[in-house]
Amino acid sequence: MQRRRKFWFAIAAILPTFLIFGWVRMYPIAETLRLSMFEWNLLSKNKLFVGFSNFRELFGDDQFLDALTNTAIIAFGAMAVTIPASMILAAVIYHRTKSRFAGFYETAVFIPHVVSLVPAAMAWKWIFDAKLGPLNAVIVGLGGEAQPWLFDPVLSVVCIIVLVSWQTLGYGVLIYLVGFRNLPKSVYEAAKLDGASGIQSFIFMSVPLLKPITLYVSVVTLISGFNVYAQAYVLASDTQGAPGRLVRVLVLDMLENSFQNFRVGYAAAEAVILLTVVLLLTIVQFGLLRQKGGK
Amino acid sequence: MGSAKARTRRNNAIIDVLLFSICLVLLLPLILLIANGFKTPAEMLTWPPSILPQNPTLENFRTVFTETPLLRWIFNSLAFAILSMIAIVVTSALAGYIIGKFPFRTINIIFILFLTTAIIPFEVYMIPLYFQVKALGALNSIGGLLIGYLVMSFGIFLIRQNVIASIPDELLEAARIDGAGEFWIFWHIVVPLLKGPLAALAVLAFFQAWTTFAWPIIVMTRKTSFTIEVGLANFQSAYTIELSLLSAASAAVMVPSTLAFILLRRHFVEGISASGLKE
Amino acid sequence: MLKSLRRRTLAKVAGLSAGMMMVGMVPTQAQDVVIWGGFPELAGYYERVAESLSDKYPDLNVIVEPIGLRDHEKRVALGLSSGLEDATILELIGSTANRYIVNDLLKPAPDSVQDFVNDDANFEPFFQETATVGGSVYGVPVFRGQGALFYNTDMLAAAGLDGPPKTMEEYSDYASKLTQRDADGNPTVSGWSLRLSGGGGGIAEKFWINLHQFGGSLLDKVGDGYKAGYANEAGLATLRQYVNAVSGDKTVTVDMPADAAAFQREQTAMFIRESWVIGDTAKKAPDLNYKTTLLPRGSIALPVNLYVSGGTEEAQKAAWDFAIAANQPEHLIWMLDNVGWLPNRSGVDYASVTEAKPQFSAFVDLPDDYVFFTLPSIEPINEILTRFAARLVDAYADENLVGDDAAMMAVLEAAAEETNTILDRASILAK
C-alpha cells in the first residue's frame, strides 16, 4: 500500500522532467541516430535507405578508427589525471577552509573551466612551443631533451590531455569539495580520538565514503572526454602562425562528416558507435564503484 | 600541546605555499590572456610572447566596448544563464532525489535513459532540435535558446549521487512514520540537506549556459541577440584572429564570470554550514 | 456658406491626403535586408554600400551580420533548408552555393541582375561561370581569394638574390639560399615556408597550388566526371619538392613557425598566400620590407558571390539592388584598399591603390596567360582534400622518402585510389 503510494509519487514527480527530456533530448537524438541507416546530404528532400552499409564502411575507415583510438586515449588519460588530482586538491583546499585564501584557491582552480578556449589556447601553444616554450625550457633545465610537443603523433595527444585536464580540474574540485563538506564530521572526530593522522583518515575514511562522488566524477569526465573536439581543433589551428598536428577525434570527425562532407548518415553511424562504446564503459564504471545503498 | 600547535601551523604554511604555486601554474595561461588584452597587434606578434605588455594600451578595450555591443551580449548571456540555471536546479533536484531514493524498476530505466542522452554530444543532435524550435517560431529569442538548456543529465546524476552519499534512509522513514507527506519530506528535509550540491549544480549550470557556443550560434542570428561566447567569435575571421581584441574581450568577460562564481560560491559555503545533519 | 463649403472641402482634402499618406506608407515601411557573411572584416564595406543606397531606399534597413566562415556555412545550411524569414543576402563561395542551387534552395536572379552579370564589360567569363548554373545566373560576383608569392626583400638582398624566383626550380634554389641556420645546421629562418601540418583540407589546397605550377591538377575533369589527377609526373615533382625541402635540403621543418605570422616575424623569407596578408601586415608589422610576385603559371581563385533568399518581393528587389551597388567601382576600390580582398569586376582602375601599396599589383595586374583554377563544385570536395591532407602530413614528415621516387609515387597512387573511391561513391568518377 505504502509502496504503491511511493511509486505513484515518484512517477508524478519525475514526469515533468521526463517529458522535457523526451522533447529536447530523446526525440532529437533518436531522429539523429535513425539517420545512421540512411544516406543524406543535409539538404536534399530525399533520404536514401542504405541499411548497415554506413557501419560496414566505418570499420574499414582508417580515419574513423584512428579517431576512435585517439579519443579513447584522451578520455582515459584525462580521467586518470583529473580524478586523483581533483580529489587531493579538494582535500587540501577543504583542509584550509578556514584560511583567508580559501576563496582564492577555489576561484583560481575553477576559472579555467569557464574561460574562452580560443584565446586561452594561444597561451597553451606558447607553453608547448618546441623552441621557445617554457615547458621545454624546464625540461632542458632539468637535463632532459626538448620535445616537439605539438607535432609528434604521440606527444600531440598528450598536449590535448593536458589541456582537457586543465579545463576539467576545476569541475572535479568543485564536486569533491561539496562531497567533503557533506561528509558527517562525527566520523572524523571519532577517528581523531583513535589517533588517526590526517592522511590516514583521508585514505581510510574519505576515499571510501566519497565513492558515489568518485563514480560521478569518473562517469562525467569519461563521457566529456569522449566528447572532446574543440581542444584538438584549436591546438592544430594555424591562425597564429604556429600550427600543430591535427589529432583526429571522434566528434571532430562526426561534425566534419555531417557539415563539411555532407554525409549526415555516416556521421550518425559514428554517433551510434560512440553511444554504444561509452554506454558499455559507463556500465563498467557503475559496476566497479557499486556500493551499498545506491541502486 | 604548544609544539603540536606550532607543527600544525608550519604544516599549514607549507600547504598554503603549495596551493599558491599550483594556482599560479593553473592561472598562468589566463595571466597571459589578460596581458594580451593590453598589447598592440604588433606586440601580439612577438614570439615568445611577452608576459607583461611593453607598451600597455587600452585601445583594445576601447574598441571592444565601443564597436561591439559587449554589454548587451553579457546581458543576454546573463539572462539565459540564470533562467537555464533555475530550470536545471529545479528539475535536477526533484528527479535526482526520486532516482536516488525510489529504487523502482521504471525509475531506474528512466535514469539510464537520462544518462544515455549525455553521451551524444549536443552538437550532433542539435539540427532536429533547431527545427523543433523553428516550428515554435522561437528563433532569436531567449525562450528558443532556453529550450536546449532546460535539463541536464549530469545535474540529475550529481544530485542522485549526493542523495545516496549524504541522506540516510532512516531519516526519511522516520518522517514518514511521523505522517509527513512525500512532498513535504522533499521540501523540508531533503532540499535543506542538499544545499551544497544544489549550489554547486547552480554554478555548473550557470557556466554551462554562459560558455555554450554551438547552440546559440544557430538559434540567435541577430547581432543584438548574440550571447557573449558567440559575440567573441566575431573577432575571428576565416584566416586570421584579431587576437588582441579577442583577448581584451575575453579578459573583460572574465570579470562577470569571476564575480558570478564568487557570489555563487559564497552561497554554497553558507549552504553547507546551514544544513543540520553535520554534528 | 461658401466659406464653410471651402472649409469642408479643405477638411476632406486633408483627410484624403492623410489617407493617401497612410496607404503610401505601407510599401515604404522600413525594410529589413540582412547580410550573412563569413568574413567579419568586410562589415565596413557592406555598411558603406548600405549608406550609398539611402537616397534610393530611404527606409531600407540593412543589418550586417558576419561571423567566422565555418559557422557562417552552418547557419546558411540551416537557414536555407528551413526557409529564411527576412530578405537575406548570402555571401557564398560559388562551389558552396552550387549545392543549394541543385537542391532547389536558391532561385535564379531577376532579369536585370542576369543582364548585369552576363555583360562582358562587367565580368570575365571565369567569374560569370562561377555564378551560373544551368544557363541561369544565381548570384552576383564580388570578390575572390587568390594567391601570390610574398618575399622578404631584405633577406633576398642579403642572400645576393636579385628579384623573385620565376620557376619552381628557382623556388627550391632560392629556398636553399635563403634558409638561415644555427651552428648545428638546423634552420632558424626557413627559406620558403610550406604548409606541412594543421587542420583540414588547407594542406591539400596548398599542395594543389604548387601542383598547378607543375602543370598538374588535383582533380581532372573528364566528360561529366572527375578523377584524381596527381599520381603522375607533375604530382611526383610537387611531392618531391616538399619532401626535399623538409628532409633533403632541410630548408624548413615541420615544427617551425609558419605562414603569415612567421613572415611578419621574419622567421621565413617566402611564402604563398592571399592578398589579405597585405592589410594584416600593415597592421602588425608595418616596417617589414617585402614584395609580392606572380606565381610561375597561375593561381587558385576562390570567387565569392552574393545570393538572395527569403523575405517579401519588395525586400528581395532591394537586396538584389544592394548586390549590384556593392559592385560600384568606388566601393570595390575601398575594399581592396581597406580590407585587402580582390574585387572581381572588370574595368575598374585600381592604380590609386597599387601605387600606394605596390604589393597588390601581383594580385590585380595579371598577364593574359595567367591560369586560374578553382575548387570544383562537387559534394565530396572537402572530404577528398582532408583525406589527401592526412596522407600528405605523414609523407612530408617521412625522411625515408628523400630521393626515392618509387616510394613517393606509391604514396600518390595509394592516395589517388582513395580519392577515386570517394568520387565513385558520389557517382561522379570519370570512366
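For clarity, chains are labelled A, B and C in written order, and residue numbers in each chain start from 1.
Keep this in mind: a residue touches a chain if its C-beta (ideal position, glycine included) is under 8 Å from a C-beta of that chain, and two chains touch if they have at least 3 such contacts.
As the structure is a prediction and not an experimental result, all values here were calculated from the model.
Viewed as a contact network, the protein chains are fully connected, with every chain touching every other. Set side by side, the interfaces A-B and B-C show unequal numbers of C-beta pairs in contact, with more at A-B.
In this assembly, the C-alpha centroid of chain A lies 37 Å from the C-alpha centroid of chain C.
In this assembly, the C-alpha centroid of chain A lies 15 Å from the C-alpha centroid of chain B.
Chain B and chain C have centres, each the mean of its CA atoms, that are 39 Å apart. Shown for chain C are the residues that touch two or more other chains, namely 74, 257, 260-261, 264-265. Residues of chain B found to touch two or more other chains are 47, 127, 236, 239-240.
Within chain A, the positions touching two or more other chains are listed as 240-242.
Interface of chain A with chain C (complex): residues 41-45, 63, 130-131, 148, 150-151, 233, 236-238, 240-246, 248, 256-257, 259-263.
Interface residues of chain B, counted against chain A in their complex, comprise 12, 15-16, 18-20, 22-23, 26-30, 32-33, 36, 47-49, 91, 94-95, 98-100, 102-104, 106-108, 110, 113-121, 123-129, 132, 147-148, 150-151, 153-154, 156-158, 161-162, 164-166, 169, 176, 182-183, 186, 196-197, 199-200, 203-204, 207, 210-211, 229, 232, 236, 239-241, 243, 246-247, 250, 253-254, 257-258, 261-262, 265, 268-269, 272, 275, 277-279. Across the interface of their complex, chain B is touched by residues 34, 36, 38-41, 63, 65-69, 71, 74-75, 78-79, 82, 257, 260-261, 264-265, 267, 274, 276, 280, 283-286 of chain C.
Remark: chain C residues 73-74, 77, 80-81, 99-100, 103, 105, 195-200, 202, 254-255, 257-262, 264-265, 379-380, 382-383, 386-387, 390, 393 touch chain A in the complex. Partner chain C is touched in their complex by these residues of chain B: 41-42, 44-47, 127, 130-131, 134, 217-218, 221-223, 230, 233-240.
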